[in-house]
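Structure first, then comments.
Naming follows writing order (A, B, C, D, E and F), and every chain is counted from residue 1.
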Amino acid sequence: MKLIKAIVKPFKLDDVREALVGAGVEGLTVSEVKGYGRQRGQTEIYRGAEYQVNFLPKVQLEAVVEDSAVGKAVEAIKAAAATGKIGDGKIFVLNVEEAVRIRTGETGQAAL
Amino acid sequence: MTFSKLKRLGVLAGAAALIAGPALAQTAAPAAPKIDTGDTAWMLTSSVLVLMMTIPGLALFYAGMVRKKNILATLAQSFSATALITVLWMVIGYSIAFTDGGAGNAWIGGVKYLLLGPMGLNATSSLAPTIPESVYMFFQMTFAIITPALIAGALADRMKFSAFLAFMGAWLLLVYCPIAHWVWGGGWLGKAGALDFAGGTVVHLNAGTAGLVAALMLGKRKGFGTENMAPHNLAYSVIGASLLWVGWFGFNAGSAVTSNVQAGMAAVATQIATAGASLAWMVAEWVVHKKPSVLGMISGAVAGLVAITPASGFVNPGDALLIGIAAGFVCYFSAVHMKKMIGYDDALDAWGVHGVGGALGAILTGVFASNAINAASKGWLHDGNVGQMMLQFEDVAATFVYCAVVTFIILTVIKYTIGLRVSEEVEVEGLDLNLHGEVVQA
Amino acid sequence: MTFSKLKRLGVLAGAAALIAGPALAQTAAPAAPKIDTGDTAWMLTSSVLVLMMTIPGLALFYAGMVRKKNILATLAQSFSATALITVLWMVIGYSIAFTDGGAGNAWIGGVKYLLLGPMGLNATSSLAPTIPESVYMFFQMTFAIITPALIAGALADRMKFSAFLAFMGAWLLLVYCPIAHWVWGGGWLGKAGALDFAGGTVVHLNAGTAGLVAALMLGKRKGFGTENMAPHNLAYSVIGASLLWVGWFGFNAGSAVTSNVQAGMAAVATQIATAGASLAWMVAEWVVHKKPSVLGMISGAVAGLVAITPASGFVNPGDALLIGIAAGFVCYFSAVHMKKMIGYDDALDAWGVHGVGGALGAILTGVFASNAINAASKGWLHDGNVGQMMLQFEDVAATFVYCAVVTFIILTVIKYTIGLRVSEEVEVEGLDLNLHGEVVQA
Amino acid sequence: MTFSKLKRLGVLAGAAALIAGPALAQTAAPAAPKIDTGDTAWMLTSSVLVLMMTIPGLALFYAGMVRKKNILATLAQSFSATALITVLWMVIGYSIAFTDGGAGNAWIGGVKYLLLGPMGLNATSSLAPTIPESVYMFFQMTFAIITPALIAGALADRMKFSAFLAFMGAWLLLVYCPIAHWVWGGGWLGKAGALDFAGGTVVHLNAGTAGLVAALMLGKRKGFGTENMAPHNLAYSVIGASLLWVGWFGFNAGSAVTSNVQAGMAAVATQIATAGASLAWMVAEWVVHKKPSVLGMISGAVAGLVAITPASGFVNPGDALLIGIAAGFVCYFSAVHMKKMIGYDDALDAWGVHGVGGALGAILTGVFASNAINAASKGWLHDGNVGQMMLQFEDVAATFVYCAVVTFIILTVIKYTIGLRVSEEVEVEGLDLNLHGEVVQA
Amino acid sequence: MKLIKAIVKPFKLDDVREALVGAGVEGLTVSEVKGYGRQRGQTEIYRGAEYQVNFLPKVQLEAVVEDSAVGKAVEAIKAAAATGKIGDGKIFVLNVEEAVRIRTGETGQAAL
Amino acid sequence: MKLIKAIVKPFKLDDVREALVGAGVEGLTVSEVKGYGRQRGQTEIYRGAEYQVNFLPKVQLEAVVEDSAVGKAVEAIKAAAATGKIGDGKIFVLNVEEAVRIRTGETGQAAL
């Protein structure tokens, strides 16, 4: 199994979720994160005090899928999350050694 | 001795005093004073409104602009100042500001009213002859509370709480009380004829000047100019600014000390100037920064409220609009551009809004004050009284210089005894947790 | 010409006017008017209370119901509307709504009061003879502010800020001022005898109708029906609804324009109807949805406040309770079920609560108005005056049709000049960041 | 029969009544009463202020102290109690509390005022002869609302909403109304001479005692002592406490039922005691816990407000300061240390602050009440009237015992019918979602 | 070393923490996440406007443990987090190549 | 490629970000977390009610870097985040099998 970790623009969350579900992914976990990358925050001014915004709001999705499903899922995310503008985000794939469904105790692919 | 204040009340209250005066004199020993229930109702309401300006008004206005880690500490400043000043005002503040100082009366009031001693149930003050003195003392107390509390905007996010309390107390007694006495309590400025209806110099220029001095002495917040110091929750600031606006009718219309035409006109001038200033600041931002911020709209409103304060009972509605528009543009410039040019860190713009706005209002009062609106005032434009302009400049200069010097002295003493500023670690981790042991979780 | 308003004041104020009238006539040239300090105190307080209804009351009520990304923009709407309308009201609004229009007086007031020209220190209005005209003008200004601001509930989350301001200004002058003149300012509806104590049609049906038209013209919010548009922070809405409730005593009891028995009865009717409506909505939700929501309780309270508004000075406490209960159930049905059936997106229910509640209240005023409570009113149930019912329907119909047509025209003009709606991207990313350059971080 | 209340009004109102009394008697059948517009203005304002104390004041004060999952449910308690009690008060509460009960008048009022039957437009109450009875009924209604609502602090986070509403209704009619009648409505305690200016025992000890009983019967919150139950958003609590402070002038100064010297003195005593108590609690925390918390400052202020309530119209400013300081220290001890020692879970300290503070204030009223401040009162210290102390103890004991017993009975009945407490699952997941189907997202 | 990543119902957080500590785990890191899975959110209605809640609040715990401790830790989580109702959550196990304690610079198992 | 996961004290966030950038890391993702470890929360008292604070606020940084850059990045974090006091936090290194830049579709090291 693989863990797909995607960092995308917040307003794309619903599109990406739908695309993943369309690609057969049955579960995922989302968290609100702040990203630093090529996309730079603007310079903000409050009442004359200026500062640089370093972090931008992003959304991180994590889904564990069986090995064979990785390609399709990554494609789905790419298609749904891309706007072509800087800051669209990244997808990382990591190996998962075991998965357990807490409710039933099922393990491995059956747990996804 | 209390002539200036009587003048400030305008012709109607003056007349009332003329009538009430002898009546009072005639009544025998324990007699009840000639209290007007309508005036008293309005002055009780006004006092409550001005108290609401500080808590929760000003507390929220400031707390919404700081970072999350300092929200409670900012609220604590307004709240604790309210408590502390209430007690000090009762112990001695009212006495030295608003009672007869005898030989030194030009400079400071007397000490006969220590702990409000002679203020019995039926006492009245000659400064407000149609209401109980208890109500007048309470009304003035609410002014004494908000003035020092305003300074907190300049020293946000970095002052020790113990130092803050010491500063509030000392400043009240050594700066606010004398200046209030000079202008309203029978002192030299009021006698000379300086016009300050509700506190353009006594309250706002005064607090703003103290803020400027404090900001310079405390130094910049750590991370100023590099770290994100964006307001954590401007919704609080909008609530705060709204309550300041709403409560300010107690401030300005209440300063008529009657429930009459003078109060009505002061209310109207206040509303119009505030609206004009809010729109002006909005327009300035829209043009310069392409986006009109909510922070700008509410800052503009406060600037208008400040600038109309000294003028409110003296000017007609049209001139109030002009004063408001001027205040919006000028305070926008001072809080956004001038501050940046000079480079000090007046965190929440006590000087940029209250100092500059108060001085501007005091001077424009000299320009627009109209005999048709208040029998006690003659300004330059309508009544050709150029001399009033000089008096207004004198008032501004005297307040600025006295306040700046004494504030500097007070803060220097605190610096070398208690210390002014929290440690860098405390500042980074936040005042809430370190000074008060609490945090907001939202 | 100002007959209808005098009628509205009830027998006592009427009597006062009879007495005060000749007295005024007798007094020589620059004499002070016969101002009642108690009435003035209450009307100053009422004005402040009604201002508080809009900022921060309505601002918070609405801001709490939107999504996080639009909180500041929603606050900005109420706040900027307050500033803009204040200035327009002073420039011309008061004049065309509340002064004599000469030949065309049935339809619109005059322009003599441009920039409040003739409103000197001692002016009084025949519509409120015991208080300064400055106070009366201010009191009416606060009504003029909240009425357009209420419309914002229908167009939340998607309107351009520039279009919003243009809409507010045009609507005030072209819709609110004429209708206020018809009913209160000496125009045809008031003369005909339509009863509207504090603005059931002038304020609430009017704003609600405009909201309905605006919601239809703007179209639904992106994601309506699929995306979570749950309120971000109902705590703000509860504060807002509470301040609306509290401030509404200025609205309704203040509409007595005196501090007397009429004001007292209006206050009591207001309190009871509001409570009844809140309980009714709560019960409806409890039965239908199994859980009584806080949003329901506060919506019910607002529905009750709206429905009792036209009736408040005319009905006894028992009938006020009936009006409240009816308002709770009817507005629950219109805001929850009817809206869903019809399918438009009146985001925060300006029509469902203010439109429907205002019309309901206007009609029930015809049913329950009682001569025993107000010498100027005779209703159907207690006094057998069936004709009053016709007048009330006429009032409702006239307001609805005129408002709908003119609102449609105004919005059409704005649509083809400024444009009504923000781009989809801006809508998704949030108005706060895109229109105002700020966000709330909590 | 209404003697005690008249006494409470003090000498001036008494004199007014003497004058107004015969005048009233002389006027023919449907004549308008001699209403004072100034008194009426102040009493309308006071009513509005006291309503604001409950919503949004108390609602926020409590909501800020609970965990995120229970914020809306806590707001819902204050809001729904306001609606429910308004209706019950109008139906029967006012009648049994404030009208003549004939033979049983020592214990309970009559039922003639069912649905406010005889309260016509021009009615006045002998308890408040210079204002419309509608206003007096409304003013007392706001007291009847806040008293049960205060109890909610003790039962936060764990009570069923249906049980809560049943409790509020029953408690109002079976506990509050009788006790209000005993002290203020012509009953035995008032006749005996017990002094309670604005509700030290009737309101605060009463609500606090009920809270103590309720906390014991409900049991501790799940996780008490192990889980983090830190306030989610103390900023709300600061707003709430500030609005309580501001609104309390309606409570205390409004209890003069006139706009006169008595009201002024009550306002001053209130302000000073509150400040003193806030400082005292702050000092206690600073010394004991090394950090003065914001929660402590605002709790102290509320303790001061509570303790000065029974005394406010009877004591001079200096004694008010002493009462405040005593309240700050004593309530700090009872809410922080005594609660921990005894080990019950009075979540938001209804007993620790309102119960203890109310009893303390009632007793100190006996000590400090001064004939020089109120002709109707003679205390121990200034007037040597030791007997007053006994009366005060009697008042405290009677309130405590009657309230405790009847509250216990009411809650027992609810326990075995509706059930008092939500399920453990609901408690863990939060009342907002489970009882009201909503959550705050901030 | 292994990273155990568990997504559980929020009100189980304290139980799971205690169970892990009981199983010898000495440190863990928790974040608030939103989950999408078999458990569906209800349909919510606000004032007549209906919508589907897609994400449910969950809590994610991450603990790095030595290889030999994985089994016990997973069992502990399962026992503490299970309610038997849908939505109980998942446990995933990933390999960790290195661990460092910042304070001391210790690495490997000593750093846990 | 490796995923570097660092849990540090919140007020060190900006220092660590600067250090990482200095070490050549071009992107990272940050989330607010709560940590449990040796550092114990104080006992808090609110109005007489006492309880133990179990979790402390921490910040988690995740950066994916090429294998050769891991050492330098870990050193940079260590240097910037250490205060020497308990609770300074941990660094974990996990293997990443694939990375994708959503905007361009680039994969592998080019995507970082």
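In this section, a contact is a pair of C-beta atoms (placed from the backbone, for glycine too) under 8 Å apart; a residue touches a chain by one contact, two chains touch by 3 or more.
These figures come from a predicted structure and were not determined experimentally.
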By the touch rule set out at the top, what is the minimum number of steps from subunit A to subunit D? 2
I'd like the Å distance between the centres of subunit A and subunit E, where a centre is the mean of that chain's Cα atoms. 18
Computed distance of Cα centres, subunit D from subunit B, in Å: 33
Take the average of all CA coordinates in subunit D, do the same for subunit E, and state the distance between these two points in whole angstrom. 48
Subunit A, residues touching no fewer than two other chains: 14, 31, 44, 54, 94-95
Subunit B: positions in contact with at least two other chains: 36-39, 41-42, 45, 227, 230-231, 239, 259, 289, 295, 437, 440, 442
By the document's touch definition, which label belongs to this structure's chain graph: line, ring, star, complete, or other? other
Please give all chain pairs that are in touch with each other. A-B, A-C, A-E, A-F, B-C, B-D, B-F, C-D, C-E, D-E, D-F, E-F
Per the touch rule above, subunit E residues touching subunit D in the complex are 11, 14, 44
Residue positions on subunit D within touch of subunit E in the complex are 227, 428-429, 437
Touch list for subunit D against partner subunit F, complex: 224-231, 289, 295, 299, 335-340, 345, 348-349, 352
For the subunit B and subunit D complex, residues of the former touching the latter: 32-33, 35-42, 44-45, 47-48, 51-52, 55-56, 59-60, 63, 71-73, 75-76, 79-80, 82-84, 86-87, 90, 115-116, 119-122, 131-135, 137-138, 141, 161, 236, 239, 259, 435-438, 440-442
As the complex stands, subunit C meets subunit D at residues 12, 36-39, 41-42, 45, 49, 68, 230-235, 238-239, 241-243, 245-246, 249-250, 253, 258-265, 267-268, 271-272, 274-276, 278-279, 282, 289, 291-295, 297-298, 301, 316-318, 321, 372-374, 442
